[in-house]
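To keep things simple, chains are lettered A, B, C and D as they appear, and every chain counts its residues starting from 1.
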Amino acid sequence: MTGAILFHELTARQRIAAIADKGSFDELLPPPERITSPYLAQLGIPVSFDDGIVIGHARIGGKKVYLAAQVGPFVGGAVGEIHGAKLTGLFKAAARDKIPCVLIVESGGVRLHEGSSGEIAIAETMRAIFECRALKVPTIAVIATDIGAYGGIGILSTCCDFRVMTEHGRLGISGPIVIEKWMGKKAYDSANRALVWKTSGGKTKYLLGDADALVHDTADAVRDGISRFLGKSSAVSLTAVKARQKELEKRLKKFGAATDPDAVWNGMGVRNIEAASLASGPEFVALAKRGK
Amino acid sequence: MKKPTPKKPSARAVLARLFGASATGIAIEKSVLTGYAMVDGAKVCVIGTCDGTYIDNEAALRLAAHVIQCIERQPKTPIIMLVDSAGQEPNRVAEMLGLASYFGHLLSCLELARRKGHKLITVATGQAVGGAFLCYGMFADRIYALDSASVGLMPIAAMSAVTKIPAPVLEKLSKTMPSLEFGAAPFALLGGVEEVWSAEDDVQAKLAQALANSSTEDNRAELGKKRGGRKLALDIRQKVLAESAR
Amino acid sequence: MEKFTKAFPSKPLPSKTASPWALAGVVGSGNLEVLLERGGRPATAMECHVETSIPGYKAAWLAALADFAHHYPAGGTKVTINDQGAPPVLVTLRLRQAYDHLIKGDK
Amino acid sequence: MITAKSAKRRQNKAERIARVGKLARGKFVVPGKVPEVLRRIIEPGDILCLEGDNQKQADFLANQLATLDKKDLRDIHLVMSCITLPAHIELFKKGMIKQVDFCYAGPQGTAVADLVKAKKFPVGAIHTYNELYARYYIDLTPRVALIAAAQADRKGNLFLAANTEETPAIVEPTAFSDGIVFAQVNEIVDKLPRIDIPADQVDFVVQAPYPMHLQALFTRDPAAITDVQVLMAMVALRGIYEKYEVQSLNHGVGFNTAAIELLLPTYGERLGLKGKICKYWMVNPLPTMIPAIESGWVESVFAVGGEVGMERYTAARSDVFFTGRDGSFHSNRAMGQLAGHYAIDMFIGASLQIDINGNSSTVSKNRITGFGGAPNMGCQPTGRRHPTKAWLKAGAEANPGPGSPPGRKLVVQMVETFQAGRVPTFVEELDATDPSIRKALHGVTPVMIYGDDVTHIVTEEGIANLAACRSVAERQAAIRAVAGYTPVGLKRKKRETEDLRARGIVQLPEDVGVRPSEASRSLLATQDIKGLVRWSNGLYDPPSQFVDW
């Protein structure tokens, strides 16, 4: 019950060190190059030497990968011009070299302080991700923290071949506070953490099939989760998109009128909600399967 | 936040301006556009939004369905994407069902179309902001905007409200940093829009030209650097590519 | 923002280190990042550059940095700090982490 | 023989009850009639007691009271532990209160400071809990007490469930002096699980339309414990718990002590301290104690109050917690405070501000909070006569004079040198010495714990053993030595610090065998609330604001 630090508590650099083979990570545009945001500097906001994203190459289980980790505590991990350009460059390098690309996501989306630059960067990165996919180069998003993947980065994460999540991870576009403001507290109480996680958390995303793996909140489990997909890719084919269209239509039809996430859990085969709530990673997966 | 207010001219008027008489082939249902029209005598597929609507799961699916239909039945027909949407539907059930995945699916469909030889051209006709722009319009080969369109992340007042940075400070900075400014012209300076079309322009001719000049090569970073609105992005991307190649 | 630069007397760094630079911490509310690099001048001082979002605590900064330079052989290093309101205890902690990382490399 | 005077008081009570007449059916009042009943049973000049401490509040009765106006209710001498509800503030705004005697005003601290400035808050004194309860028997005996209970039966017997808290301390002096006791209850049942207050001592009962307010005050999310707090906890464990073999103790509500609780089954176990320390506790059922209890560290826990969500767990661990015949948890604030005063080796807690002499306070010019119970425990009980190892050892270090007790209670302040937002904890002079505050309190500076009572201060820099200091100057130097980079700390002199260190009065982490690089959250028995639920085998039901699953 004790010993390891939870994956979601690590810093971006620690996350990389913990999942890459020992000593294998080589950082691109490392901190001594001091490529920092001129926007933040002009606004009197502290800058960071990596602009909120650590990128480079490494090995995972001996396999070469491109690896990026966003720094959630730095302006919410949000994407500015430099941050975004690093991300685009990395996926482009992955496509060029046909090496899998893993993004450890922790971002609320576009960095507002840099206006539309970050938005365009996200769009450019989406293009680069699909370049990889066309070449069958695996792209994997790891979503494991409460900052999670939101806004444009939420959408970007769904463009990758695979998503590995933990129960702490959240995936969405609009955050609970925004929705509460919009719909009222009655429709969405953003302080109701259980509801927030059942709306956007890893377990619900896994049940619906938007997360491809649900793993324990430890570096070892996340590494294993990534390894499962390093040799695979998910083709963008007519058969695939038609099947997905059907699936998403069915989902909307089945749950579009549901207000309670428990209905989704039940509908996706979870019988004992309370036990499933307490379970994590593979335990949850087993409980969900058992019910099906 | 305010509810979207329908902008003038009407959606039909915008469609007529873009596609002339052939615009009647485009259906508008719950502010989602799907159909076919003609540009310079050639058939195009049209998907889009109007009235500044919010895009929800259903809207995304309808757009995606039309793209799939086009791929299956109208091979290589160019797809014109019209954008007038204030954003993704901010709704708990939409989020619970995975709105992001619905958007990801729409993007996958567009990617498939591109790979199968469909040209993708976007025209921002009204509001083109946030997730609504990202989920299809910004994914085009080339992006154009009417000069009356509201293009960008968000207006300075909204940016100020969220970042708590006083609006005058942002106003002042936006003079030297076009990315902070809101609108089609500054967005073009960043490379996000290829060209802004004005009220005087013959937009049908422009659209035909856009189709002729289309390329699947993403040129936005180059444009941003050339136009001076986004000076760093291209160089940093190149640096990543160069250093990773070593 | 407040910026300042100062060098503190320190015994020279060991001639061999595991890496030429090390970074500890993140820039975030109540936190900071410390970049520690070889190649500061002179070899008998720790060269420090601080940028902090909370002005008015220069005396505490200088004392914490001086103490570190006094306790650790860090002469010939360059310390660059981006701070978003970290308490001094974190300054010392991050310096120590960056220093360990520089000397011993990855854990 | 009945004297005229006592007959008069009893007569007066009978008159008040008679005025209520048909508004009540026997003892029972319906919610809608409560304001009118209150108007009839309270007289101008009364000492009125409102039950409410930092956890449990008779909030329905307080809210009904606040619907009355000055024409209904005036010249009230209000006595109560904690001013925490908006309704309490309302009574002052309406000018009903001629004097108030209380202990604590946590959540309303800012409102109280504003009322003081507006001269609408006539304070008698700010007390500690037991001090105020004691005065209920001497010169502040309530004429009317408005209290809260979980259940009543048809006769008016009361069941207090896990939150007995201060109810008996209020009811007894009121009921035995011909005062009126009016209880709000969550439900009325045919049979109570156990009787905590006999019907004989209860005059009126109302079933409130909503359950009484209970604050989850002692729930600390392990996720919020920092590495620095883990470091301090390790230093405290080695430098104080281990050194003095502290067997009986009280913990405050802070994250520092939560870190200690979560280190016991891991770091503490590794040090071989199990069975040697931390066996007997006077503390509320802290969720962060679950791993230590499950690992067999804890012999017993007595509490001043309950904690939301710990009901099933405490009932299941009746070998550790005090429970009623029905098996459910029992607490008692007055008795708990008494136990914390006389019967423990150590009190350890945090403070917002500590001055250069070791005095601490949580009061500032814009926020008047008060004391609560900490000073009852964070002081030297000179009435104590029984020895324990820790008590004697601390006493010997303090070098008692011929007129002093041989032992000392360990009174430990555990603080980071800076509070959030880089506000220094250590100051030359407390904000509480502000003249306007002293004037409002009739010349008393609201000091939480006096420097003379403090034996140790633990910070991230190390430990200062104040009890071992031989002069005021030395104590000040020791405090500066652990005050880090605060303005107080920056004034320390290197040589003085080295000298104190050589004599063991100041100890750095390495002096007590702790390497700061070891300090990591990974040492905690669990890093989140969910882990506590798992440790409890699903018996702990955390409040919803802590649940994200």
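Note that in this section contacts are C-beta pairs under 8 Å (C-beta built on N, C-alpha and C of every residue); 3 or more make two chains touch, one makes a residue touch a chain.
For clarity, every value in this text was computed on a predicted model and none was experimentally measured.
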{"item": "Identity of the most central chain, Cα criterion", "value": "A"}
{"item": "Winner on C-beta contact pairs when C-D is weighed against A-C", "value": "A-C"}
{"item": "Chain centre separation in whole Å, for subunit D relative to subunit B (CA means)", "value": "60"}
{"item": "Between subunit D and subunit C, distance of the C-alpha-averaged centres to the nearest whole Å", "value": "42"}
{"item": "Centre distance in Å when subunit A and subunit C are each reduced to the mean of their C-alpha atoms", "value": "33"}
{"item": "Centre-to-centre distance between subunit B and subunit A (centres being mean Cα positions), rounded to whole Å", "value": "24"}
{"item": "Touching residues (chain side subunit C, partner subunit D) in the complex", "value": "30, 54, 57, 59-60, 63-64, 85, 87-90, 93, 96-97, 100"}
{"item": "Subunit A - residues contacting subunit D, complex", "value": "1-6, 9, 146, 167, 191-194, 196-197, 201, 277-278, 280"}
{"item": "Contact set on subunit A toward subunit B in their complex", "value": "28-29, 35, 38-39, 42-43, 55, 57, 66, 81-82, 84-86, 88-90, 92-93, 96-97, 110, 112-124, 126-128, 130, 133-134, 149, 151-152, 154-155, 157-159, 171-174, 176, 178-179, 181-183, 187-188, 198-200, 204-205, 208, 210, 236-238, 240-242, 244-245, 248-249, 251-252, 255-256, 258-259, 261, 264"}
{"item": "Contact set on subunit D toward subunit A in their complex", "value": "265-266, 291, 520-528, 530-531, 533-535, 538, 544-549"}
{"item": "Complex contacts: residues of subunit D adjacent to subunit C", "value": "227-228, 416-418, 420-422, 460-461, 484-487, 490, 516-517"}
